[in-house]
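Two complexes come next, and they have one chain in common, subunit A, joined by subunit B in the first and subunit C in the second.
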Partner chain A sequence: MSAKSPSDWRFWYVQHKGTLLAAALFLVMFVIYVSNHPAGFTPNVVQTASKKATLLAFVAMAQCFVVITAGIDLSAGMILILCNCLASWLVVGTPLQTGLGIVAVLLTGLACGLLNGLIIIFGRLQPIVTTIATSAIFFGLALLLRPTPGGSVNEDLADAFTSKLFGIFPTSLIVLALTILIIWVPFSRSVLGRAAYAAGSSENAAYMSGMPIKRAKLAAYALAGLLSAIGGLYLTFFSYTGEAAFASGNAYTLYSIAAVVLGGVSLAGGKGSAIGAVFGALAFRTIGDLLFVFDLDPLWQPLFQGIVLMAAISIGCIGLARVRNRLEWFQ
Partner chain B sequence: MNLPEPFFRMDGISKRYGGVIALKDASIAIRPGAIHAVLGENGAGKSTLIKIMAGAVAPDEGRMLLDGGEVSFTSPAAATAAGIVCVFQELSLIPDLSVADNIVISNPPLRFGLIDRRRQRVVAEEALARAGASDIHPSSLVKDLPLSRRQMVEIAKALARRPRLMILDEATSALTQSDVEKVFDVLKRLRSEGMALVYISHRMHEIAALADDCTVFRNGRSIESYPAGTKTDQQVVELMIGREYTNVFPPKPAKPADRAPVLSCRGLSWGDRLSNISFDIRPGEIIGFGGLDGQGQRELLLALFGVLRDTKGSIEVAGQPLALKSPKQAKSGGTSIALIPEDRKTEGLMLPMTVRENLSIAALGSVSRHGVIDRSAEQARIDELLKLLAIKAATIDMPVGALSGGNQQKVVIAKWLMNRPKIILLNDPTRGIDVGTKQEIYALLRKLADDGAAIIFYSTDYDELIGCCDRVLVMYDGSVIRSLEGEEINEHELIASALNINPQAVEQRIGQ
Partner chain C sequence: MSEDASYMRQSIIPVRLRSVDPAVAIAFGCIILLLLGGSIYSSNFLSPDYLLQQLKVASFLGVIATGMMMVILLGQIDLSVPWVVTAGAMMACAATAYGTAGSIVAIPFGILCGAAIGAFNGAAVAYLRIPSMIITLATNAVVQGLMVVYTGGFAPQDAASPAMRFLATGYLIPAIPNGVLVWLVTGILTVFLLTRTTFGRSLYAIGNRERAAYMSGIDTRRITLLAFVISGALSALGGVLLAGYASKASQSMGDAYLLPSIAAVVLGGTHVLGGKGSYLGTVAGVILITLLQSILSVMQIEEAGRQLIYGAVIVCMLLLYGRQKLA
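Up next is the complex of A and B:
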């Protein structure tokens, strides 16, 4: 990058404020966590923390794609569960079979997202109800695949994806970073990505500017499905099994919404980035971990998590106190 | 001087929206290297014309010729491809994207299929410089810019598409004086480079300073095209008005009795949108607010209804000073203000809810006891209003969205009358409704005034102001610049003061 003038940095800061705040929030919490951890800052502590956070990070990234277009994907968690169940059948056997299995799982996630997008964009149904309905369908399919928990996964592969690279870096974090680099960065810099932001920010203006709104939204939903599928694969790598877990699917969906908001992505659309959403997810998971290092009763976790979440989200709403036309509150 | 031939023509263009005729048999011819001014009153069809030109709206009839060949634009993108670009009055910028993102939005420079941000920056800087706005930083977010800067970005965005024909719809209405001068220099330079410009403005002196050709629109028709400078201001104003005057208004009372004012407003200001507005209104009086669209009339009504924060100045209702904090407070017993909003579909009605629910929603307090709605009291009040306003609905339990526009508007008015308000604010209540309903609304307003209500009425239709109002306050740039009473309320005075040109001068020339 060429040298930037001070004013360039100021505008850069304004544009990325949400992401930076999320990163800062995560860093502060993580430092508190690690410094109070009995083992301290060791690769093992980092790996354990990253294991917990990776799944949510993928689903949050998926949610972020859709939320940027001012939509919402309440089926993200169930796509994860469906792909987990599918992977527990397919990602086994010889390297070739395993590879084909992975491709099949990813394509399934993509197809799920595409289905959401097609219904919402061309059927003109509301994202909330559409994805509630499809999430039930996806869970139903998952249940048919795995009526009881079971199945297996190619364990060599699973271990490779969940171990540490060079004995230091958790592989899951590296895969997360690569995903951002391969999916998010090109998308955000493409015409489609910009159209997705524009559609979320002001769909009328985007239409009047002749932007490809429909294609952009469709791409956002489809990629969201793909990212949830990566999350589903990782769940299989961690657990070595497939399970149609209703509660956990729903929890991922709800937490992903909390994570994107923490990550500076506006639910009204048009603002934020997947990098912010990932930091939001990491921060969200760290809130839970903080309890353990402070040796509090795990019973307190949901209550504590809720309060920290409220406080973090409130920071983003300070601007509303300065509104001069009260009608702007509702926009 | 040898004038170049027109390269773009529109012939016999018609467009209807439901029952409302927006354009009828309109024609215009645009020459390269010239600035073509389009004149007309509010609602004369100018906006529809340019929307058709820019591909945002398809005409019902008529044809468009570009370089002698017939063209039709199915989308704004198609018009852009043909070299026609519009700087819209309602801004078309994406608020959450940066200035540079917005400028290249329809055709960003690509590198390996991705947007090349360095080249985008260069393109944006060039376009801003061409628009005379190089002080705007290409990385700033559009939503952080003030309105006048956004307007400059809008012009830069249009220029970045390298148009042959650029349309400016009230492009200077939000600009500061120094920006207006810069834009004028830019427009003159573009003209000398051979670009065709269509310029829409209500400001006569701007048209005198810029235009080469003029076309006057009235009631959706193109009345006359003429070279600029061949007509006086007076002749132009007459072309703009020139319609038969049908008397659909109820007679005005001779002279309202001298009663104490029910509402007094002193030095009301709000940011840079309202400045130092003072007036009194007595029971039984109808005051109209006139002027061009967007001179602060809406903000004034919102301020009087407690929607705006940090207003300065004082508002007294029935002699009591008042700090209005919300519509809830404004409508409450002591103050008893009602606002019939501009956009009935978003601010006036809950479209999917029934007529009954909509009618009683603002007055539920007065027909309920301990939070329980007294259905028979509600029904009695509703019946009374249905009769008063002659609302035509198959049943009041149907969704209000299924009614015709005129009947919807009646429901909005009725909904507020249920509160028996003493002060009624109306924001352009007859926009987009049929003549018959308009007539009923005029009669109703007069009846309410005769029964002791004070009515403040903003309208973009000069006829209404003349026919309905006892007094008209004309607004310009956030202040009241003129108060017209009795015989003074006529089209010449209204238009002249709305345009802020010396009314006496116009009057004298008309008198000759």
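Up next is the complex of A and C:
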């Protein structure tokens, strides 16, 4: 990175404020968590924590792609469930079969996202209702594949993807980082990614400037499907089975929105990054773990999680006090 | 597509029918098609007994969707429905445990709890300007937490009071279930509110452009707060009815009502970004969704197929009339 002038740094800071805050929030929580954990800071503790967080991190990243274009994907959790069920059929057998299975699962996720995008962009429907409807379709497909929980997965592969690299780094975190490097970084720096941001912050202005809005949105929805599919694959690696669980699909969708908000991505679009969303997801999962180390009754976990979530989003409204013109409330 | 429709409306259809929203007409048309299609499968689908039974089941969704519609007209959304429904039911059942006095206040108490949660949502959206999609999501999580702590993971006093059971399943007027009456009363009040009061007009105005509504002297924050209070209260009323119907309150009883209530409102032609929509459309949407679910389950199509058809029908209907105008 070349030398930057102070004003460049300030610009960089303003642009990445949400992401930095999310990272700081996660770090604080994780330090509290680890320092109170009976085992301390060991690879095993980190691995267990990352295991829980990776799934949500993938779905949150998927949600982030869509939210940046000022849309929303309420079917992300169901794509994850569908891919989990599909993977429990396909990702088995010889290495070649397993490899083809993984490709098939990822393509299915991509197709699901593409379907969402096509309906929303070329059917000109609202993202909220469209993805509600398609989530019913995806869940129906998942139920067709797995009426009852079952199936299996190539266990060698699953273990390889969920163990530790060199006995220290959790593989799931490395895959997460690689995904960011391979999918998010090129996307956000490409013309399409810029157009996605532009469409999110002001669609009319972006249209007038001749940006490829439709292609950008379509790419965002499709990549969101792909990322949810990676989450689904990972769910299969962790659980070794496929299950069409309605409640957990819904929970992933709702938590992904929460994680995205915690990660500093604006639901109004045009602001934030997938890295922030990932930190948001990690922070959200650490909240749940905090209770565990403080030996609180697990009954209190949902309430605690809700209150921390509410506190985190209330911080966002502090900016209101700085608004001088009341008309700016109504954006 | 939408241009064609509006062109046709202006030229061919007589003046009196011009005010009928094509969305409402299509939704009612689909209801009739569904009933006719069902009657080919079995003649029971046209019997009064079956239709009344469907109306009774629809009344729960109808009451909840009414509240959702008010919030959607504002251009907001209420994602806290699942646990407000459950909280309303659980609190009403809990009050029943305190003797006769408890039984008497059970129903108002349940609704009041819902209204209080709605007031919290409304205050956060209207005065703190937190986007409704986020704050109602967080409220949902907090209420879930409160209910889990309250019940200790299982249901303590979960039996519905006789009054609640009467409200949901009894017959005040012969042949018409009370649940349908409750929906009818709610509906009449809502139509009055939406079309004959400044509150209703303000809802539409804010949904169209909040800035303009504010400039023309509407206290937009108070109206937003009130709409969320009504939504919370009606969700809780739906929960009370559900608890009366099942004669007990249980966790996750409200989960099945969030997405259908949004879908019903939108299928009825209400614009999901606010400012446009009629209550008649919401009624059509509610009946349509209830009938669709019922007919699919009577035909013994498995859950998987039901979900598939359910989702596909919503997408297809929206593609018929829910499309946005070209920029």
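The rule is short, and it goes like this: the second predicted complex is superposed on the first by the 331 of 331 C-alpha atoms of A that agree within 3 Å, B and C clash if a C-alpha of one lies under 4 Å from a C-alpha of the other, contacts with A are read in each partner's own complex, and residues count from 1 in each chain.
We adopt the following convention: contacts are C-beta pairs under 8 Å (C-beta built on N, C-alpha and C of every residue); 3 or more make two chains touch, one makes a residue touch a chain.
The structure presented is a predicted model; accordingly, all values stated were derived computationally and were not measured.
Visitor: Scan A:Met211 for contacts with subunit B and subunit C and give back first, second, both or neither.
Guide: Touch partner of A:Met211: subunit B, not subunit C.
Visitor: Regarding the shared-chain residue A:Gln126, is it in contact with subunit B (first), subunit C (second), both, or neither?
Guide: second
Visitor: Between subunit B (first) and subunit C (second), which, if any, makes contact with A:Val31: first, second, both or neither?
Guide: A:Val31: touches no partner chain.
Visitor: Give one of first, second, both or neither to describe whether A:Phe139 is in contact with subunit B, with subunit C, with both, or with none.
Guide: A:Phe139: touches subunit C, not subunit B.
Visitor: According to the stated criteria, A:Ser7 is in contact with first (subunit B), second (subunit C), both, or neither; which is it?
Guide: first
Visitor: With both structures superposed, pick whichever of subunit B and subunit C touches the larger number of subunit A residues.
Guide: Larger number of subunit A residues touched: C.
Visitor: Would you check which partner chain A:Val261 touches, where first means subunit B only, second means subunit C only, and both and neither mean what they say?
Guide: In the superposed model, A:Val261 contacts subunit C only, not subunit B.
Visitor: Tell me which partner A:Phe304 touches in the superposition: subunit B (first), subunit C (second), both or neither.
Guide: second
Visitor: Go through subunit A and flag every residue that touches subunit B in one model and subunit C in the other.
Guide: 204, 207, 326-327
Visitor: Show me the residue ranges of subunit B that touch subunit A in the complex, using the header's touch definition.
Guide: On the subunit B side, the touching residues are 56, 75-77, 80, 88, 91-98, 101, 105-106, 108, 110, 113-115, 117-118, 137, 139-141, 144, 270-271, 302, 306-310, 326.
Visitor: Applying the document's contact rule, which stretches of subunit A touch subunit B when the two form their complex?
Guide: Residue positions touching the partner: 2, 7-8, 11-12, 14-15, 186, 189-191, 194, 197-198, 200-202, 204-211, 266, 270-271, 323-327.
Visitor: Looking at the complex, which residues from subunit C come into contact with subunit A?
Guide: Going through subunit C, the ones touching subunit A are 77, 79, 124, 128-131, 133-135, 137-146, 148-149, 152-153, 210-211, 214-215, 220, 252, 255, 259, 262-263, 266, 272-273, 302-312, 314-315, 318-319, 322-324, 326-327.
Visitor: Report the residues of subunit A in contact with subunit C in the complex, numbered from low to high.
Guide: 72, 119, 123-126, 128-130, 132-144, 147, 203-204, 207, 247, 250, 254, 257-258, 261, 267-268, 299-307, 309-310, 313-314, 316-317, 320, 326-327, 329-330
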